[in-house]
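Each of the next two complexes has chain A plus one other chain: chain B in the first, chain C in the second.
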Partner chain A sequence: MRKCITVLVLLVVTLLSALPLFSIEDEYYRKAALFKIFSQYIQWPKNSDVNDRSKPFVVGVIGKNPFGSILEAAYSQEENKIKDKKVEIRYISKMEEIESCHILFISKSIDKEQELEEILAVTRGKPILTIGETKGFAGKGVLFNLFISRDEIRFEINAQALRESRLIPSSQLLSVAKIVGSLEAP
Partner chain B sequence: MKMKKLFISVAFLAMLFPSNIYSQDQDIKKIKKYFKMDLQQLLNLVITTAGKKKEKISDIPASVVLVTREEIETYGYQTLAEIVENIPGLYITDDYWSQNTGIRGFWDYTSNRNIIILVNGIPLRNELSSSYSFENIVVPVEAIDRIEVVRGPMSVIYGNGAFFGVINIFTNQFDEKESVNQVSASIGSEKTSKLFVRTAGKQGDFQYVFNGSYFYTYGLDVPLSKMVSSPAILPYLGLSEDHTTEGQLERSEKFFNFSGTFKAFSFDTSYTETGKEGSVIFPSIADGTSFVTKDMRINVGYKKKLSNTSRLESKVCYFMHRYSADYDMLFEEFYGTQEEGAFGFRAALNLFITPSPKLDITMGMDYIYVQDVFNDVTVPAFARNLYHYRLADGEAIITQSIFAQIDYTLSDRLKFTAGAMLEQTPGYTLEERIGDFTIGNASITQATFSHPQVEFVPRIALIYSLNDRNIFKFLYGKAINRPSFFQNIDLLFTPDLPPLKPETIHTFEINYIAQLSSKFTMNLSVFRNILDKLIYRSLYIVDDTVNAYHANVGEMGTHGAEMTVICSPSPNLYFELSGTYQYTQDKRAGFEDIEVAYSPKFLGYLKASYFFNKNISLSVTGNYVSPMESYYDATLSPPTRLGEKVDGYFLLGANLRIRKLFGIGMFLNLRVSNLLDEEVRYPATANNFQFASKGTIGRGRSFLLTIGWKF
Partner chain C sequence: MMKFFLRISIKNKLILIILMVTLLAIGIGFGFLTLHNIRSYKQDMVSNIRSSIEVIGDYCVLPLQFLYKDNAANELKKFQTIPHIVQAVLYDKKNDVFAVFKRGNEDGRDTNKEEGPACPWHLAHPDQSGSPGIFSSLFKDNFLYAHQLVMGNGEKWGCLCIKASTAALRQKIRSHLFTMLTVVAVLILLSYLLAYGLQTIISRPILELAAVSKEISEIQDYSVRVHSKGTDEIGVLYDEFDHMLEQIQLREMERDKAEKKYRDIFENAAYGIFQLSPQGRPLTANPAFARILGYDSPEEVLTGLTNVFEQIYVDKEKGNEFRELMEKSDRIKDFEFKAYRKDKNIVYLSQTAHAVADEDQNLLYYEGMLEDISQKKYLEELKIAKEAAEAANRAKSEFLANMSHEIRTPMNAIMGFSELLWKQVENEKHKEYLKTITSSGQILLSLIDDILDLSKIEAGKLEINYKPTSPHAIFSDIESIFSQKIDQKGLEFRLEIDPDLPGELLLDEVRIRQILFNLVGNAVKFTHQGYIKLSVQQSFHKSDHSSLKLVFTVEDTGIGIPADQKELIFDAFVQQKNQDIYQYGGTGLGLSITRRLVEIMGGKISVASEKGKGSIFRVVFSKVEVPSLPSIPGLAADTPIPGIPDEEIESIRFQDSLVLVVDDVASNRVLIKEFLQSVNISCLEAENGQQALQYARQYKPDLVIMDIRMPVLSGYEATAFIKADEQMKHIPVVMLTASVMKEQEDEVKQDNFDGFLRKPVNRIELIAQLMRFLPHSIRKKTRETVETGEKKEPETISRETQSQLPQILGILENRFTGEWKRVSEVFILDDVETFALGIINLGNQYRLSLLSQWGEKLLKEIRSYDMENSPITLASFPELVKKINVLAGMSSNLIH
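Now for the complex of A and B:
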């Protein structure tokens, strides 16, 4: 009997471990698609290599990768280009790799202030769209921060950091975002 | 030892099935699904009206229009009616008694009787006329978070009355990430002024939204000589030939709404009070006939998750409605009053079950109990002294219904919806009391309305995605509209009349949505409406006497097409252009060649906005309504039009909005409606043909300036 109970408990543990723990349906599929949508509503500076057709559009992920293989699977498809360019996914392990990114996704596993500061020290003032998913990151200088509110994905924008990055967002994007700070230059 | 091995084996199995496991096939399907979504869809912006549950617009088996707070602010609409007349397929008329909505080529002489209007999911129905009059629904535009408009028969989900669809207005969308408090003040043409206040908050599990507003306008000043065919008739109506409506069309509105949630419970209370002046039957002589309405709704809801695949939602709503009129017409000393009212409650229980990812089942039951329905009239000059029409003592109007709907995903490309409702209003006894009971000279007459038949209302839809960017919806639906208390009053005069049956509509529609690129979207609908058993005043012979009573004699057919093109060539620029063609034919024998009243053949809509930067936007709206015929009274001998055909009109509006003035949450809004000062005429109705046979004149160029603060 004890054996049966133990097996049952272990089976439950097994099944539970296989259950997705997402708080919103297909959260990372949505987030992967948002990279493309955000890019449509943002203008990179004219001198940025985003405008160089010979180079790919680079999406970097720093910290533990929460997407699994979603990003590769999505952006390897011909129709899923960004700025009409092929998309290259890079998993960042060294700080010097950050500068080559056009979008940098900072995953939840980056939760120490010092780690974040090191990353922002590289991106600050550069046209790199940093996207976080940790509470309070917009206030700390990450350009876009995704959060879940009432079963919806929402995002906040650090207005000052965005201004410094020289990225220009469209009004449609701003109209659905929570703005941290003022969009107007002081 | 064996146990240890077993433990290790199972733990290893657990590691083999990590949380983000998915098959490659599913992976690609999901990627395709999410990568074809636009920003709003990805952020999960969904609507709840179509199926009483959250659904994405492209998945809804109906033709849907969504109006957001951002849109309302950008276009600066002054009133709810102005929002409605800018929704493709809809247009507004005003006969100086009430505003009314025409939709898909059909207009009913009872104000807003064919479309259900809800505020925060609560129907704001006048139980005497079974209508959704704008006089009761005075939601200030500043309070509106979102409007969901579902076009097409929706009786399966919303019961009788949802003939042409449902308009659901939300004022209770709490979002702690947005500004939660707002105050604003407006001034405008015709001495219009408005004050609005909103506050929202959250304390632990309790969150609330409060909206309050006060609105006043002096109203239009229009010479009657411009509306009546022959000004020489005016002296016979007690007026000089140069009489105007100055001071006779004043309107004031008070609106309070308090909504909130606490854990699984929700509540919503609203109170509106309106004072309105107008003219009915005859033009006003002095200050205008005044109409005062008071309406209160208290709703309590409860939601419970029963399991991972099912949940329950319940609601109980108490409502009370009062209306009074003080008539002003014909001569200075004219005396006439009317009081009407009703109260009751409605209870709804909805069950949502998802037995598999491909199948959604929605079931529900509704129970509506209305009592104390009364309409007291005293107009001695019309031989109506102390007439009381009411439900007999102990009687109630009870409507009970059950419905079920399934949504089944047959494949990646095909989704199927089928539903049905069974509804019954068994009947009730009305009575007429004449005279004054207090002095013992009253008499009572009673009559019973009986229609025990259970109505069956079906609905079926198929959504086919040709590919990621082309979606077809094939829709069929039936809806019913039950006779109102007012329409059944005829039974008191002639008890032998056949009981009125519910009006019916069958709609067939094909809706095509094409996302041609991220900058260009198109929506095309082709529809066919077949309306039957429509209730008209008709000639009836009883005991060799010819009389006019309500009867199910109407039959109409409408076919039409609506097309909307949305284009956003740059992030700051947005265009939306819509056109509707509709042709309605009166199918009654002998009426086939009579042009249907208030049924314009063409409607056009334009919206364009440009954001100079995040905070400053300029926008324009335009709507065109083609010529309309006036009321055709078949009870006259010979049958006659009550007025002239009115010309089509084009209303152009513009709005400038400046947000975050002085770097804080202050905003400034300037809306100019009817910028070209086009003359707008609404065709004569049975209420006003004596003084407006050429049509009532609508608002000319007008402005509203609003300054406010969001914090």
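Now for the complex of A and C:
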């Protein structure tokens, strides 16, 4: 028996060690915070209504909401503005809703490529910051894709898609991201 | 410190001051500069790293946001390029270490075990709020700490703490300081040099002035001047210095002058000046002081005298008295005392002094002056003695004068009555007695006169009456007076008269007589063999013969005078020593009176003599005046008419007159009365002035003869009354006095008297006075001729004879007087006859009938054995001679 327990413990420990140190809740708190942080380092095009302060900053979440109420908790306060705008959280159920988002978070529940493509088709070429959390999504055309590496939430950037979106990232942001594709325009 | 500052020299003071100021300036200046630089260096350092820190801090925002520690570390790695930064620590929001950079340590990964420095701010502010500003820096412990807040979008994501090494900074500062100090040092050196050089501008004049002052003080030469060189304060100082020197010099000069003045006074004072300690030791003395006390110098006094109270004061009580007086009243004046000189002689001193005390009234010393009053005292004593002597003398004179009056009055009686008696007595023997009485009386009188003369002379009251006098008459008188005695002693009498001797000279006859009488008398007295010579020489002074030098010489071959007594004999009452008083008698008054008379008359008397060989007495009158006008004897009111022989007087007849005789002494009155009656004048007598007035009023006499000293009313007063009375004032009053003072004469003239008679009254004098006031006539008495009844030839004298009278007189004196004396004494008829014949011859020879007639008369009487008249006639020979003298005097005056 003892042997089993030991093995179990070992397994758990190993598993746990492979697991991120922070809890799931932590993860999505952090991810939620990232929206604001990312926004600080990205410039939307001039004609985007991001520049209009009177309009809210829309953060859309498509797929199954992993955040729970975290997003609301994080951005409901007056001071928690993104781009100095009030943040609106939309849970996208319809495609038409995507376009009005400034940031679209694609939850990992969207695991089908088709689904993804449908989304991307809408967002392609539009100043919508798509942020995924599924492995390989950046390669598929999501602008930013979050992944966890050694207790850090890192992200990869699809350079082409970013370019096409006409969103301008700061160099410093780029320097800490994993760049997929070439930053240089062909 | 101040003391030190004061002690160093001006030069160093100035240098020190300049240096200190310089140092201060440099110090402050460079100090600030350095501080500023240091700050600026620090600030530079800070600002240098600040921008880097800010930038890097900015780059740390993203890592902090994304929690990418590695990225943060990488960013921090950039500090490698920033110099000095040794460590940088990035803290997250919660002030946990996020990333670390350590120079020399490439591992940027932070662990909690990091030993790096805690951020001082976090240490200081444990709470997360409150931060010191976005960027702060702090220099601490050789490190510079900087703290940068990492802000993103106004939000604090963390802070960056930097630790930088200040080694370089410090080095920089050090080198900076070194440079500064070097510069400062050089500056100080430069300023020292400059100060050293420039301080002389101030110090040299001062030092020179100081040097000059010192020199002046040492040499005491105040004529030096410094001469200002500028117009600044030093110049003014110089000017004032010179000015001050001038004043000092002036004051020195004045002080020297004053000192000299007072020193002169001090040194040359006739009085001794001194300062004396309370114990009597001389502190100061001037030469006069030394001299008074018989010391050679003031120095000798100061060393030789230690206590005047012991050594100088003869009476110690006087010394004590001095001190007591000083204590009482602080000063004394004319304090007299006897003092010992150095040679122990005693002098009289007078001291005036005062005490000098300090502020507390303590006696410091006595100060004063000494005067030698020995002389004064001596003179005082002399004066007292003199006054006593004079008083005694005066008393004596008064006594004598009184005595003379007392004596003369009875003498008057003796003489007068003797004279009267002589006329009335027939008996020869009685006549002899009377003669003796008379001569004795004469002697007494002359003695009194001598004494009175002497007292007069001594009292200085003898007056000389210069009148035209016939010297020849005097000589013949003397010859006749002494002829008897001379013949008696078998001596020869020689008379030598200078032929040019004028017949009259201005002399005091009485005194000359006295002198010659005395000298010749002495000669006669002291000569027992040989001769006595009386000679007189004269020499005119001026060509007009108005005065001459007259020399009388009396020479004898007597006993002589020893040399040592030649002076003594002139002293009153002193006779020649060993002179036999019995042999020679005398009072010894004669020569002393003689000498004084000579001297009073301005002459000199001297004697040349040798014991046993005789003597020569010489009287010299250097200036005898020859009277220019002939004087007529008899008109001088107060002298009796000289030379009128008895017979002549006899022939004076007065008219009936009444004379009032006033005298309290009866015998005097009787005497005068007899005299008056002999000339037929009636007489009234009064005893005193009162009676006199009564009688005068009643009887109105023609003349009053008034004695002075009378009871009840004196002669003066009575006369005054008479003269005041209208009815009596015309009556002449003749004063009758025993006093022999000439003052009386003056009083007579001043007062109311018209004349005076001296007692004892001489008949002739009396008659002379009577002649003045009473009418009379001179009737030539017809001589009682002898039976022959020869007519007397009138006595007329020819001119020729007149001029020869002196010669005649000379012969008479030389030859006949002596003979007469002889013949008178021993009355031998033959001799008398011879004598008479001689006279007759002489008279015929010179045709002087006076002589020849007298001679013939005598002859006749002798030849007729008239023993009654012949002696009388013979005895009248002197009168004859006298008469001739008068004639000679008269005529000589008439001739001249």
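Definition applied: the second predicted complex is superposed on the first by the 161 of 186 C-alpha atoms of A that agree within 3 Å, B and C clash if a C-alpha of one lies under 4 Å from a C-alpha of the other, contacts with A are read in each partner's own complex, and residues count from 1 in each chain.
As a working rule, a contact is a pair of C-beta atoms (placed from the backbone, for glycine too) under 8 Å apart; a residue touches a chain by one contact, two chains touch by 3 or more.
Source: prediction; values computed, not measured.
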item	value
Partner chain in contact with A:26 - chain B first, chain C second, else both or neither	first
Partner chain in contact with A:153 - chain B first, chain C second, else both or neither	both
Which partner reaches more residues of chain A (counting touched residues only), chain B or chain C	B
Footprint overlap on chain A, where chain B in one structure and chain C in the other make contact	30, 33-34, 37, 40-41, 152-154, 172-173, 175-176
Residue ranges of chain C touching chain A (in the complex, touch as defined)	59, 62-63, 65-69, 71, 152-153
Partner chain B, residues of chain A touching it in the complex	3, 6-7, 10-11, 13-14, 17-21, 24, 26, 28-30, 32-34, 36-37, 40-41, 43, 66, 68-70, 73-74, 77, 79-80, 149-154, 156, 170-176, 178, 182-184
Contact footprint of chain A on chain B as seen in their complex	3, 6-7, 10-11, 13-15, 17-22, 24, 27-28, 30-31, 33-35, 37-40, 42-45, 70, 175-178, 518, 568, 570-572, 574, 611, 613-615, 617, 660, 663
Chain C partner contacts - residues on chain A that touch it in the complex	30, 33-34, 37, 40-41, 152-154, 172-173, 175-176
